[in-house]
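Before any comments, here is the structure.
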Amino acid sequence: MSASILETKALTKAFGGLTAVDKIDLSVEAGKITSVIGPNGAGKTTLFNLIAGVYAPTSGEILFQGNPLGHAPPHKRAALGIARTFQNVLLFDNMTALENVMTGQHPRSRYGFFEAAFRLPKSHREEEAISLAAKRYLTLVGLGMYADRNPLSLPLGQQKLLTIARALATEPKLLLLDEPGAGLNALEKQSLSELIRRIREMGVTIVLVEHDMDLVMGIAEWVIVLDSGQKIAEGTASQVQKDKKVIAAYLGEEEAIE
Amino acid sequence: MTTHLFVQSLTSGLTQGCIYALIGLGFTIIFNVTGIINFAQGEFVMLGGMLSFYFTRSAGLPIIPALLVSVLIAALIGAALYLLTIRTARRASVVSLIIITIGAAIFIRGIAGEKWGVNPISPPAFTGKHPLHFLGATIQPQALWIIGITLAAAVVLHFLFSSTVIGKALRACSMNRSAAGLVGINPRMMALIAFALAAAIGALGGAVVAPLSFMSYDAGVGLGLKGFVAASMGGFKSQTAVIAGGIVLGVVEQVAIAIDWGPFKSEYKEAIALVLLLLILVVRSRKLSEEERVS
Amino acid sequence: MLAALKKHKWSYVGMAACLLLLVLLPTEYLLAEKISLLTAVGVYSIVAVGLCLLMGYTGQVALGQAAFFGLGAYISAVLSTTHNVNPWLAMLIAAVATGAFAYVVGFPILRLRGNYLAMATLGLGIIMWVLFRNLSQYTGGPDGITGVPDLSIGGFVFDTDLRKYSLIWAFCIVILLISQNVMRSRAGRALRAIHGSEGAAESVGVNVTQFKVKIFVLSAVYASVAGSLYAHQTNAIGPGSFDFLASVLILTMAVVGGLASVWGAVFGAAAILILKIEWIPEMSKMSFFRPLFMSGAAYLISYGLLLMVVMIFLPNGLFVSLRDAFDSWRRRRTQRGVAG
């Protein structure tokens, strides 16, 4: 029985009158690829934002590796080992691709203003390490030759890969991918699936929110289905596909589940 | 402190507070419709005083026409400010917008100093300077004008926002700019109106307070700061709260000065506004929810 | 080491050129009689750099840097005259005190969304000026403080114009280099990340609020050091140098130089001081401009126009825009070279 790396207990988030996430209990098994799906407005991104610490829960709690996250702000959670990507990419366009990935090493390095100001040996040592690690992650996602390019000069598919590299550079235990497949063509989605599997081999737990059912069914080992802020089903990909509640929830959507 | 002095402070505080309230309303209108803090807001107040001085003393117009013309000109300048600077600087960052409006404020101040010199001026009082007496305190008739006009302005604005088409369009814009655009409201036109309206309100305040307490070309910054504090107290939302905030600031200022001890001397009047602002901000940053603190 | 040298090749060339310029300028061949202007550029560059970093990287506007500039000047002046404190120690005390003050003010405000810092620092600048003017028993009131001693190391006293020029520019260069080092480091990346996207920066472990506060405090400390140097350079200070207009002056320097640029600040300081001390007085002599420049309003009109025009058309500042234009010209040349 694998340990659960992330748990939520009666997690609720209300914005004024709208309850985006409604008493959700879920558990993510360590080392597996879990996917969260559901129709638009189901509360998937809100859930991510709650886990990442961008929103504070209205009630309920989130446990990471057994410990409650409480009010920890996003940057603390990154240090704890929770990394994420964004639906709208959010790359830093004022630095090169490599430097973008190097920012990911921020929680794994220490030297500050003082060491930097006077170019102390510690700063040189850590910069070396940061640079090497960043190069490794950049190469891992297949963007090694774009190290010195401006991120905005890359096509969307590669920009998304870059954000994954940046998130990986934080050396997370849990990686939250927010619609990594959106806007990608079939070939790019293929490489994405392979990349996600490779990341899993590294021992990182992955949770992804995704609309593309083929992508999800192809790599997810566990699927959680949300609708209107509540969990309506969970199971393996094939179990969920056949679940009547899930089909009903999606009937209002364009996408049919094959 | 004697009752007489206290009542005096209350009345002058109320009077000053009304002006701060008007300035605060100007800030609030622009911020709600466009999301911009207009650092030139205080300069419109100054312009109101300067222009009405010019039209009454130099051009010899009677008071009411001079007032109307001044307010109108200020509204036009406000519109010009929006068109020439903010409209032109497409997709400007928050920093850029702040600096642009500061630049505009400095520029307007410079032009005013150039045209009207650096000495404080005072247009004629609306109904003379014969003081009235109330509960042992002396009140200038102009003070009553100030309070009355502020009240009238508040009522007109309330009516404007609740019952007229333009007012509702402005409110729609402040709630959700893109949604407003989708139902046919032109957000740029609304922004233009907001700027003109805020400038007019500010100028009105300046024109009615200048006969009472002089106006000089560099009064804009201090007035702007105080109007901002009033608007902050109202959370940049409720009209009533902004007006209340302005009056509270005015009264606290005057009472503190009347005490005239240590840090509460008249020279440090500005400090009171700033301390209040810092207190508001500290209180607000304490009871902040996560959404507001993090992007 | 050599890799770093190669990567920043042009900036080393630029720096060497500037150093050469700095050494030659105050000599008889060039601008000896303008040495006080040149020294002032050094002083104000230090203040401007701090503001550039604050505005450029954390997107916060500070409209009251003259408050910190003045604090540094007054604390140094008061301690070294009335209390006979060693001027270097006084400068250190001033820097620490000003930094602490900035922390206390900045911490609650920078936690908030939106730009409350702008208004708060505006108010702060006004208050400090009022205090400088009115706390006569400490600050000498409107007349200020005179008899501020020169700085000295051992027996070597910085008393002549040339010695003061050298000392101030030595400080300036060290501060510029330190700032550049920080910008190229992990902290600098974090700051650039904040500028790019605060949300994304948080997601990679950057404590955005803490960095904003740190940079705000840094800008205050820079201004304080500059203020102390200013006091020991002019040997007399008064509240008139630390009013709202001074804050506007500093803001204009930072904007013209370029908000996220370290070296741009020097450019901005030089440009605005030349405008203020040389050009405007010259223009007021020309009969065509005379009516416009009769009153002190000329300065206000110029700064206001500059702020608006630069921010609307060249939001990255003049220096940075020029540098970027140079960079893209260079890139186009090498690309053509490769193709051919």
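Note that the chains take the letters A, B and C in the order they are written out, and that residue 1 is the start of every chain.
By our rule, contacts are C-beta pairs under 8 Å (C-beta built on N, C-alpha and C of every residue); 3 or more make two chains touch, one makes a residue touch a chain.
Computed from a predicted structure; not experimentally measured.
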Chain with minimal offset from the mean of all protein Cα atoms: C
Longest centre-to-centre distance from chain B, chain (CA-based): A
Distance from chain C to chain A - Cα centre to Cα centre, in angstrom: 41
Interchain centroid distance [CA atoms averaged], chain A/chain B, Å: 47
Centre-to-centre distance between chain C and chain B (centres being mean Cα positions), rounded to whole Å: 32
Multi-chain contact sites of chain A, meaning residues that touch two or more partners: 54, 73-74
Contacts with 2+ other chains: residues of chain B: 294-295
Sites on chain C at which at least two other chains make contact: 197, 199, 202, 208
Complex contacts: residues of chain C adjacent to chain B: 55, 59-61, 63, 105, 108-109, 111-116, 118-120, 122-124, 126-127, 130-131, 133-134, 197-199, 202, 208-209, 244, 248, 251, 255, 259, 292, 294-308, 311-312, 315
Chain C contact footprint on chain B (complex, rising order): 37, 39, 85, 88-89, 92-96, 98-100, 102-114, 117-118, 217, 221-222, 225, 228, 232, 265, 267-268, 270-271, 273-274, 277-278, 281-282, 284-285, 288, 292-295
Residues of chain A that touch chain C when the two form their complex: 52, 54, 73-75, 78-79, 83-84, 86, 90-95, 99, 102-107, 109, 111-113, 115-119, 123, 126-127, 130, 166-167, 169-170
Contacting residues of chain C [partner chain A, same complex]: 178, 181-182, 184-190, 192-193, 195-197, 199-208, 214, 218, 260
